[in-house]
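Right, I'll just put the structure down here and ask away after.
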Amino acid sequence: MSLAWDLEERGTGGLKEACGVFGVYAPGEDLFQVTKYALYALQHRGQESAGIALSDGRQVYLKKGMGLVSEVFTNYKGPLKDVEPVAAMGHVRYLTSSTPRRATPENAQPLLVRSRQGCLAVAHNGNLINADELRDRLEKEGSIFQTSTDSELIAHLVARYGSHDLESSLKGVLPFIRGAYAFVFMAEKQVFGVRDPYGIRPLSLGLWNGHYVLASETCAFDTIGAETIRDIEPGEMVIIDGEGLRSVQILPSERKALCVFEFIYFARPDSNICGKNIHLVRKELGRQLAREHPVDSDIVTGVPDSSLAAASGFAEELGLSYEMGMIKNRYIGRTFIRPTQKIRDIGVQLKLNPVQKVVEGKRVVVVDDSIVRGTTSKKLVEMFFRAGAKEVHMRISSPVVISPCCYGINIPASRELIGYKKSVDDIRRDIGATSMGYLSQEGMFKAVGIAKEELCLACFSGNYPIDRG
Amino acid sequence: MSLAWDLEERGTGGLKEACGVFGVYAPGEDLFQVTKYALYALQHRGQESAGIALSDGRQVYLKKGMGLVSEVFTNYKGPLKDVEPVAAMGHVRYLTSSTPRRATPENAQPLLVRSRQGCLAVAHNGNLINADELRDRLEKEGSIFQTSTDSELIAHLVARYGSHDLESSLKGVLPFIRGAYAFVFMAEKQVFGVRDPYGIRPLSLGLWNGHYVLASETCAFDTIGAETIRDIEPGEMVIIDGEGLRSVQILPSERKALCVFEFIYFARPDSNICGKNIHLVRKELGRQLAREHPVDSDIVTGVPDSSLAAASGFAEELGLSYEMGMIKNRYIGRTFIRPTQKIRDIGVQLKLNPVQKVVEGKRVVVVDDSIVRGTTSKKLVEMFFRAGAKEVHMRISSPVVISPCCYGINIPASRELIGYKKSVDDIRRDIGATSMGYLSQEGMFKAVGIAKEELCLACFSGNYPIDRG
Amino acid sequence: MSLAWDLEERGTGGLKEACGVFGVYAPGEDLFQVTKYALYALQHRGQESAGIALSDGRQVYLKKGMGLVSEVFTNYKGPLKDVEPVAAMGHVRYLTSSTPRRATPENAQPLLVRSRQGCLAVAHNGNLINADELRDRLEKEGSIFQTSTDSELIAHLVARYGSHDLESSLKGVLPFIRGAYAFVFMAEKQVFGVRDPYGIRPLSLGLWNGHYVLASETCAFDTIGAETIRDIEPGEMVIIDGEGLRSVQILPSERKALCVFEFIYFARPDSNICGKNIHLVRKELGRQLAREHPVDSDIVTGVPDSSLAAASGFAEELGLSYEMGMIKNRYIGRTFIRPTQKIRDIGVQLKLNPVQKVVEGKRVVVVDDSIVRGTTSKKLVEMFFRAGAKEVHMRISSPVVISPCCYGINIPASRELIGYKKSVDDIRRDIGATSMGYLSQEGMFKAVGIAKEELCLACFSGNYPIDRG
Amino acid sequence: MSLAWDLEERGTGGLKEACGVFGVYAPGEDLFQVTKYALYALQHRGQESAGIALSDGRQVYLKKGMGLVSEVFTNYKGPLKDVEPVAAMGHVRYLTSSTPRRATPENAQPLLVRSRQGCLAVAHNGNLINADELRDRLEKEGSIFQTSTDSELIAHLVARYGSHDLESSLKGVLPFIRGAYAFVFMAEKQVFGVRDPYGIRPLSLGLWNGHYVLASETCAFDTIGAETIRDIEPGEMVIIDGEGLRSVQILPSERKALCVFEFIYFARPDSNICGKNIHLVRKELGRQLAREHPVDSDIVTGVPDSSLAAASGFAEELGLSYEMGMIKNRYIGRTFIRPTQKIRDIGVQLKLNPVQKVVEGKRVVVVDDSIVRGTTSKKLVEMFFRAGAKEVHMRISSPVVISPCCYGINIPASRELIGYKKSVDDIRRDIGATSMGYLSQEGMFKAVGIAKEELCLACFSGNYPIDRG
């Protein structure tokens, strides 16, 4: 799976990135700019909508819209630029469910509500598994829903909790929600960060110019010139305000279950999760893959951009030549319209193009990070053969995906997954590769450097870490 | 007061038009188009945002945005165009409060929520006077608010009412709200129209192609080719669905109090309220004004567009020549930016221009429909004198405005009203007119043809018909 | 013919307004703003494109685009706002030919070229009748054409004329062009205004803040606070620069032929041409029409907006009641899309709506300014009858149009004109009116107050004043 | 120099890419789509404007605009989509001169003119060195200029040439122009491609679905599914029409002088020029650089994207580890606004971010493709040290740039070039690197595989191949 893949299959239920969240409490700083830059850094986690909420200590202001950060905030002239800020938060979003209704402006985040606790802005990364149940219960009790976001759900719970104090309300309601989540909350004078007790979605703490900041990935800290302190712990809530930082282990964490796909595909290579750098993990995934599925070949190439590190690791491990055997067009935007069939038949290769002189007559290893439906892999193999490759050896730097995700990644239903019932050799035949190799689960643990027991492997194993209650 | 005036003082708390609502139940018809056309007809009632909600019988779809109907719906390609509609409703909106925060996309209507009663879309024209109190109470009970609209308030009340049935919920909660309102509600298979027991804001019932329709003004019926049946009665709720139309006197109407400003300024000349045509009423207001304040002059002119009918009535009554002594530029858009001071000093007259050849050397009667702050009247008088008028006799086709409105019209606070403490002669001196005359209250009743007891005269008298509870 | 008519038939070869031009030489003034305001005032003369050229004395800068002045210049942040201006000019444009290719950004004006005479900006109102011939000759001599405008043609002629001096070049080439024209030219330090020897298209001279200005209509002068001096004479060229104003009778004017349609329909009511105010002329056209075709009726109404003055004159002359029997929706934009047939059949009246209460049971006189194809008139008559009128008497405040215009007005070919071969009674029957009356040519001369010999009457008579050479 | 560099210094006279051109003659094919796809593939050569001209055999239609291909052509609904095409051409453009006036819609290409030869569309890549002289002469002869492009210049020359035949006109006028050029011309029924006699700018010939196509780079052929045939020869003109392809050696090529910067930086890695693949050449430049300037270090990293191939070649040659030590944010758009100084001081790294875990404590080799002013290099070195690098060894995969380009690349004046008068060691000190090494000129020839005598080396040597006449 690659961004290429993502484009090809977008809209047909393909695997989508999770969301990105950011929060900062820093009176007197230019928080609108800083939050915008942080969102630029997190943009790979969500391109559907972007939003910033900003508090001046008395009131919370919000601007959000459909599209990229640059599209929503270029030419923005509203109050967020004018107020003297105390705290701010931001969100970039991707669909995490296939319900088409969700792709609406209403579902853009942060969500801003007024309740008895005052103003509350909420941004969320993840997916609650008991959302429908909670929503039903709330509706029975007379709640109205204007969006289909988990953020609105938690806002209702907080508002209904019998306390005027936001902190104790959050403590009171978080035990009722189940699923994967990294929340940032903002009140007039406080910012909160919470991570689910399994720690499925990432959330990190940084220090920017003497102020605490929260972000889904540490690359946002680098971007704004902040220092990474640590990850928020599973089940931990941090409260950032005029008093500084407080931490509360709001929920016990009996079993960690970090989403391993953050390492394989989602996170930016310059981010660190659990102290491990994504790029280095990916390179090691490639090395391990080479140890497990070596092949006598001439060159190794990756599918840009997410598989390049694994490809170079693969090449280095076997002493093979690492080449850029495939080029990605950076200018194919999201508004791109599919070619007509007539044009398509001629062999248009708009998004990805193999470099003929590099691959022709060669035995080529193509490293990709994952396979979901297999459609893109098939096209990739065809492209390489058409460009003159003698052999195309497909190597996947993760195990076979067999099961959907219910924690925030839009993996399609099992029946649509090429790995669901097919053997690796069947898959090889389907996609037309000369040979095929997936990284083993054990190899993945080794390369990532985190124990099997502390990762979420649901999509590879069908075992879901969170008890469905 | 005229649209000219409106433009000049917009953003500084000037008098703004109310909103416009529309609803239709007509399975199989092209309801997206019809609703759009009806909103075009109601556009004069609100230019800040526009929205359409449409039901296919199972789900309700919504599109709304900031700007004119043409801006929001031109190039619209979403689901509202594709679904097989059963019912639809629309809204155009203007600020009815000076709180700047309200001018946000969040406050565009219709509001669409999901609650235990299912989908509910709400659109509102008017202003509730116990909104803050109700909102406080709801917040204390755990409600969250995402907008500052009365529509969200009523949606909360409905959802919290202990019934799964929308009709009985509405019956249950409407007695709790106080103020001026004309609501249109839509569920998956029903459309409701309700008017407050004083009948302050208008709402009419029509028949379109065999189907019942609701609209703030009858001009919407003419536009879509519907026939006007009657006004919705004060305190009446109509339910339109597959069974046809049912009417319930949901609240007793002890005293009618129709907003007389609808006749004077707001409504479109081709609309009828209480069976009375707006244009004819305005002409009669002008005739009556002439009887009360005749003047020996050469020509009579109105301020385009809202005062033209009164001006022609005034002229006819006195046998004077009715002239277009002032031209309005139709192309000055809402995005218009004020001239710099330098340019301003030179005497730029972008929006309104007196016709020099018509007025020079003449004794001119200028008829305007109302005066709020007096700023525009002063400019008008100056313009006419600069264009060569020998005398400028100001005639106002309504009584002196002395008090703000709390029922949906944004009249500024008393201290900002030129009529609040000043005598008519002081006003005349302030604006520089040769002579000055306001229509008397009695004259207004006579011209409108509705008894004093059945009109809301709060802005002229300071007597507010609704007990504040 | 009315704007309503215009909308209905736009794109099908209907009658379109001419263009508007403006020029000013005023070092140190805010000429970008002033030119923009002047174009707002001339916007009724062309809504297809707008442009401003501005000189800082050394270089000429240009901004133009498709759409209204407000659309092209709102949010404009380019050099025209920053430079220290010496002179400026502007243009609003309408198609004056049916060739669809002309509706392109390339044809927006002013045209800005560099030639041996330096920078030259050109804006044009009118139509040259020997354009094709001149273009052919220039092409044969090696000229290239990037637009299909007459402005580009004259720029070529000027550049090819054997002089480095713009003034003498203009003197040299203007004798070669034939047709209707009002040109504004601007070089780095000069502004020129020229009117064809027949004076077909209007061009006036004003004084703004001590500086000379040129505009197609005097309403632009009122708008910017300038004083009207006089019309530019047929065949006159004025040169405005640091020395003040010079006038040259560049071409002999043997016969004046002012377009009478400027009085009937095009010009803004507050403009004056030949010292005659448009509004007053229109009112007199209505009075004269009443004298020629009186009718026993209850009310008189006009088709908004261009026929209102004639209607009120008609009513006054006969002592009838002048009513607003028809309302025009101000919010139907240019992007408006036609209703589907289904919706259409129901009787949608989006743009114009008769006021039922005013017309029902009445004998109604409907005054319109002209009839071209007759399609709109037919619809109008139908609307009034449907609204309950007992009789509909159509009165036209101009003679029968029988011939196309080749001087800048897009009147369709004779065969498409309802008046071409039909008698007035046939026309009456076609459009369904109770009675019908056109103003006579003699009546028109009398009402306009200009001798027959000084007007262009080609569209009414088929006699074209300019010898085709 | 890298795209990063490009962003940092854009607008301050930085090195800009050349333009991209495309042409195709293929009656009956979907040429609008195909040309659009080809322009997507050439987008890296110019992002300022995009345009497509298309002929239906009788007339040529044009659409162009400012911005990316996707911005100009998304939602395009004009005639280019509707006509039955015979031939088409396209252009993407970058400023190649620092005159700000050039950044205007007027200068977007293709240029479309009508002349005695009929319709002529022109697109150009390169820069004519006798343009001013030719323009002066043409102005003296009465030509007018509406743009400042070389395309308009050649159109004038063609039109003025004494022949109605486009082919012989081109033959007649091309000897008069001097400089670097790759032109595509299109008449109603013909497409022409011409390359200057030195072959400075690239232009290739392909075969698409049985039809001949022209493009600046072969990656456009891959993208549309065409096969690369060969480069157009220096001084060659090809004529493509209903008869197929004809080639004319229109000008003698005495000395080839291909721009070596196409290999170093401009061209896309999957393109081939002179049969040499760009990616492989870049990798070899890196290998050669390693041989010339080896260094004992821990990791090698490139500056994304243009230096990655050289970096991997460098690493492979020395057996060092190739790492992605720096990440580029793909979402920083062209509308990006510079951070305020306050934000800047904190260390915002929006565009490029070093991967701390990869570089900290390491001796890092940073490979970049070129250095122009040195500003970006200085920032890069700082970033790597701040991220914890122990040593930063700068290696440049091209020789020292000492002289501006007058053939279409916007290299600043010598005095602004860091390499102009400084020794390599001074440069090293300026940018703060631990060590520094530039590829030698000899090493470059070897790696590129083209003889010194067949390359343009003006920017490295100050020796300009074209006699200035």
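Per-chain numbering from 1; labels A, B, C and D assigned in written order.
FYI, a residue touches a chain if its C-beta (ideal position, glycine included) is under 8 Å from a C-beta of that chain, and two chains touch if they have at least 3 such contacts.
If you're wondering where the values come from, they're calculated on a predicted model, not measured in any experiment.
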Intersection of contact partners for chain A and chain D: none
Shared interface partners, meaning chains that touch chain C and chain D: none
Greatest separation from chain C - chain, by CA centre: A
Length of the line joining the C-alpha centres of chain B and chain D, rounded to whole Å: 60
Geometric centre distance via CA averages, chain C-chain B, whole Å: 35
Cα-centroid distance, chain A relative to chain B, in whole angstrom: 48
Chain A: positions in contact with at least two other chains: none
Chain-chain contacts as defined at top: A-B, A-D, B-C, C-D
Partner chain D, residues of chain A touching it in the complex: 30, 33-34, 37, 40-41, 43-44, 47, 68-70, 74, 208-209, 219, 222-225, 268-270, 272, 276-277, 279-280, 283, 305, 308-309, 312, 316, 321-324, 327, 329-333, 335-337, 339-340, 342-343, 346-350, 353-358
Footprint of chain C on chain D - complex, ascending: 59, 62, 101, 105-106, 111-116, 120, 139-140, 142-146, 152, 155-156, 159-161
